[in-house]
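Quick heads-up: structures coming right below.
Heads up, the next two complexes both have chain A, just with different partners, chain B and then chain C.
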Partner chain A sequence: MKNLKRIFIYTFLSLAALVSIFPFLWMLVSITNKSVDVTQGRLLPGSHLVENMKTLFETVDIIPALTNSAIIAVITTLLTLLLASLAGYGFEIHRSKGKDIVFNILLLSMMIPFAAIMVPLYRMFGSISDTAPLFGIDSLAAVILPTATTAFFIFFFRQNTKMFPKDLVEAGRIDGLSEIGVFFRIYMPTMKTTYAAAAIISFMNSWNNYLWPLVILQSPEKRTIPLLISNLGSSYSPDYGVIMSAIVIATLPTALVFFLMQKHFVAGMMGSVKG
Partner chain B sequence: MNQPSSEKSKLDLPVSLRYKETKREKTGVFFKKKVGWLFVIVSVIAITIFNFYPMVQAFLLSFQSGMGGNLEYTGLDNWQRLFSDPTFIAALTNTSIYLLIQVPLMIVLALIFSVLLNDPKLKFRGFFRIAIFLPCVTSLVAYSVIFKYLFGVDGIINQFLLNFGFISETINFLADPFWAKVVIILAITWRWTGYNMIFYLAALQNVDKSIYEAAKIDGANAFQQFFQITIPMLKPIILFTSITSTIGTLQIFDEIVNITNGGPGNSTISISQYIYNLSFEYTPDFGYASTVSYVIVILVVILSILQFRVAGEKK
Partner chain C sequence: MKKFYLMFALLISLAVLAACSSGDDEANGASGSEGSSGADSITAWAWDPAFNIAALEKAKEAYDGDVEVKIIENAQDDIIQKLNTGLSSGTTKGMPNIVLIEDYRAQSFLQAYPDAFYPLTDVINSDDFADYKIATTSFDGEQYGLPFDSGVAGLYVRTDYLEEAGYTPEDLTNITWDEYIEIGKAVKEATGKNMLTLDPNDLGQIRMMIQTNGSWYVDEDGSTPNLEGNESLAKAFETYKKMMDADIGKIVSDWSQFVGAFNSGDVASVPTGNWITPSIKQAEDQSGKWAVVPMPRLDMEGAVNASNLGGSSWYVLNVDGKEEAADFMLQTFGSNVDLYQTLVKDIGALGTYSAAAEGDAYAVEDEFFGGQQLLADLSTWTDEIPGVNYGLHTYAIEDILVTGMQDYLNGTELTKVLENVQAQAEAQLK
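Let's turn to the complex of A and B:
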């Protein structure tokens, strides 16, 4: 009976693991195969890897898309880290009744569905397109700004700040540091783990964001990676080997970030809900 | 998470110095209150501009109608149009189906995985954990495209089912209204189950082991332990994950667009996709699109309150 139960559990988990991993394996195998082989469900590695990569880099604008995505993701992440940690720190360390009320109002914005504000945002950026084209429709700034400040990350930093020893703030003040100085000189270096976790989540969100860039970016040379893949995926005569190569290249950065910083990621996710 | 303690010792100051500080602190109270606002002000302004202000704008837009920029107030016309708009009704029905089937399915699966993987005697725990979490590193667009190919007419799933004799001829999954919905539900579940599992696993580590031992002595079997200890202990985190999953699934867009593009017909279209189509695919009707978008807002609010209520009552 005990053995039967154990066999059942291992079979169940192995199946779940297989289902979870299979699309990845297929993706990795497919970048080495010809388009025909991919459609025929070939599960063995082929010898077409170099050709696929060559076709990808020669016929698809993957380099500009990668560059755009990287610029957007890095700037968004840096802005998010700075603004959200300042706010999370302010709400927790300089706590006051008024600020608690403001904080709770900000949290409500987490319930706002993006689809509900997408049209007004589009019109807002449209209205400044003529006077400030660098911030208008089809600009990288327009992609970054609405996504760089979210209540989630403020909440995230505030929750993690609860574990930050308050006497460090006092100590800093005695050492003659200004309030801002305490933040930059003491808080920031102490909270490295929290920053790392927030950076991973923010980078992944931005790198993978689809709907807002789809709405606001119009010229093909501004396209980000998800827009490019979506485009390739819906083409009428798809070269599957090439599309798979693009997907693998697009997934590599987030997969790498995740594996290198796995511990921070899980710790950070939990820190945000432990409360 | 405990890194601050190491820094602490460096900055620990003699008590005599601390005494001075309390004196100075009193005179600086007013200034300190003000300086606190400096830390939060940029975020408060940004969230107001990029979240709250557009919400108000969308509300006003929902009472306006017209093509592109030529909008005028038409009262409740848009809201009445909702009830007789077959595409909207299809979008609402589909989104509800995704929500009602996918969220419970995923949460139950994630709970089962987390309980099984929490057993310290289990072998290959680390491997199973990483394998099940792995789908979370993919972008929504990328995995959607992969699922589209996996479930294609000549895709691997069809070949597998054929070869093992489960079916006698290929199923055109994505061209069939029923199967297309199934594929979308499977896809979302594949992507997000591991994500939710991590939350439960971490919460389980905080559950006192002695409770389970006491239950075992009292003769409770595995199922009783699961329903009477694990579920109640994890209630807050289950509530948290069901609310975030509900909000997420209500807004589903990337998967629909990239797996089925709403088809066949409108049999998989979601509310978010319909809003996008109304604004940017068809002749733009920003007013009506905003009305449809407020339906999601209303649903998010109602469902969140409902889930809080349900979780509260069980106490």
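Let's turn to the complex of A and C:
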């Protein structure tokens, strides 16, 4: 009876795993096939890998796009970690009369879809384009700033800070650390797992962000990788082998970041649930 | 306390809404495009590197002005998103000088942003272009678009499959859709292949059918939905159902499956726009097995064997450099016959500039299509396409029709279905 239950559970889990992994498998198989084979749904690996890669690197500026995406994602992630954790720490540790009201207003802002603020944002960046072109439309800074910290991450850090032993703050103060010192020397090292989880989420969000970069970036040399892939699919007769190759390359960095921080990530997520 | 929160929530949403709508007058001033001149570079947006972008490159080569032309490739949906955001924000920063817009969408852009486009009425001569393109590229008496690629449709057929069933391409020339279905049944019986692909989410098939009879989803005014009581549409729906009932359609759900179906030889014909030619030719092993015949027509008085699917035109935006951009357009796509010859020869891009349709390049015999003078044929059919005003809501109405079609296929009565979609369209597009 116990065995039967086991078999059932394993079959179910294997099926579920297959369903979630199949798209990735198909993607990996497709980079070795010709476009015609991909459209016909061929499931076996082919011999076209080298040609696909060659076409990709010769006809598409994938390296600059990867560089742009990397710059944006890394800066966004660093800014997010710093700003959101400072805010989360402040909201939880410090006492103030109005903090819960401010925090709730902040949470309300999570309910506004990005599409609703996109036009005003575009207008804002457009109005500074002449005086500060480095921050105006078609600049990497314009991609980073609106996404550099969001209510979600502040919420995330505040929830996790609830588990942070406040005695440590007291101890630090008694030992003569400044408020900033407490944050950097005590809080940050203790909250490593939370930082790791936030880093992964922020990096993935930024790396995959499509709508805002699409709207704000204009020159081809500033394109990020999702924009480049969208372009590849725009033709009347797209080369699916090459598109799949680009997608695989675009997936690698997020996968890498995830596997590097997986252990912390899981711990961080558990923490936030407990909190 | 609760009240306090509620008030705050309200305040925030109000602030957001206000930000979306306010300050239009200010925006028009800020664009500062009046009386500008002397731009030394202009930007053009288009999609598809093998087709529109390639055409722009050729135009750039043919152009001998001092202005540098920057060609930027964006996917079509991306262009729409970027234009909508940019134009509705009221700032012209980051907007291109020249942009390619699909004909089905042109009217809604022209109506939503009347000052954003630069009229070409005095720049080009609209009589030089195929008639059916003018209605969709002009607005309020002004010519805004420079008509570019023709979406002239043809029926691409597999001659080998037809032969197996005892037909020649001549048997499919100038037929009605009803006759097409009969042939489809015979072909399926003889070869086991489906006659065509059908995508339940893309009613391009219906669009092509009703245009053969000069009809569209909307009235002449371009905005009143014309669905209930539209005989052509009713006929097209009936024909679509007949195809389903006869089981001659292979159901596909996206572009890659559509291309895959004919590349792998699963269907005996492809009724669609001429821009599909490169995709058909992708399957090199099928060379010599294809021919293109005129589009079947609806079995109605007045319907012709010519239709259109897609097609797009160039627009000049009302931003700094508009004079230069208009001049570039005039010198290239607006008057250069040789350029059109190059486009046809090197890219297979079929323009709608009438004077260009007689050169040698059009008479080339295409081996892939068994030596047919494909481009000459297509350009003859272009002249016969009934002109219709695509109006503002082609895709919005089509979304409604897609569900209507499902109801109809599931057994709801046709008059009832059309009544429903008419009511929905009227409610939604008010």
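Methods note: the second predicted complex is superposed on the first by the 247 of 275 C-alpha atoms of A that agree within 3 Å, B and C clash if a C-alpha of one lies under 4 Å from a C-alpha of the other, contacts with A are read in each partner's own complex, and residues count from 1 in each chain.
One rule holds in what follows: a residue touches a chain if its C-beta (ideal position, glycine included) is under 8 Å from a C-beta of that chain, and two chains touch if they have at least 3 such contacts.
Here the structure is a predicted model, which means the values were calculated and not measured.
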Chain C versus chain B on the shared chain A, clash or fit after superposition: clash
First, second, both or neither for A:Leu25, with chain B first and chain C second: neither
Contacts of A:Ser230 with chain B and chain C, given as first, second, both or neither: both
Chain B versus chain C as contact partner of A:Leu260, first or second or both or neither: neither
Contacts of A:Met118 with chain B and chain C, given as first, second, both or neither: both
When both partners are placed on the shared chain, which of chain B and chain C touches more of chain A: B
Which of chain B and chain C A:Val36 touches, first, second, both or neither: second
A:Leu134 touches, of chain B and chain C: first, second, both or neither? neither
Partner chain in contact with A:Ser109 - chain B first, chain C second, else both or neither: both
Touching partner for A:Ile9 - first (chain B), second (chain C), both, neither: first
Clash-bearing segment of chain B, relative to chain C, as chosen among 25-33, 133-141, 241-249 or 277-285: 277-285
Residues of chain A that lie at the interface with chain B and also at the interface with chain C: 38-41, 109, 112, 116-120, 122-123, 211, 214-215, 230, 233-234, 240
Chain A - residues contacting chain B, complex: 9, 12-13, 16-17, 19-21, 23-24, 26-27, 38-41, 43, 83-84, 86-87, 89-91, 93-96, 99, 102-103, 106, 109, 111-124, 145-146, 148-151, 154, 160, 163-165, 167-168, 170-175, 179-180, 183, 186, 189-193, 204, 207-208, 210-211, 214-215, 225-226, 229-230, 232-234, 240, 243, 247, 250-251, 254-255, 258, 266-267, 269-271, 273
Chain A-facing residues of chain C, complex: 4-5, 8-9, 12-13, 16, 19-20, 27, 30, 43, 47-51, 72-78, 81-82, 85-86, 88-91, 93-94, 255-257, 259-260, 263-264, 275-276, 278-279, 282-283
Chain C contact footprint on chain A (complex, rising order): 35-36, 38-41, 101, 104-105, 108-109, 112, 116-120, 122-123, 126-127, 129, 136-138, 211, 214-216, 218-220, 227, 230-231, 233-238, 240
Residues on chain B engaged by chain A in the complex (per definition of touch): 1-5, 7-8, 11-13, 17-18, 20-21, 32-33, 35-40, 42-44, 46-47, 50-55, 57-58, 61, 113, 116-117, 122, 127-128, 131-132, 134-150, 152, 154-156, 159-160, 190, 194, 198-199, 202, 237, 240, 247, 250-251, 253-254, 257-258, 261, 271-272, 275-276, 279-280, 286, 289-290, 293-294, 296-297, 300-301, 304
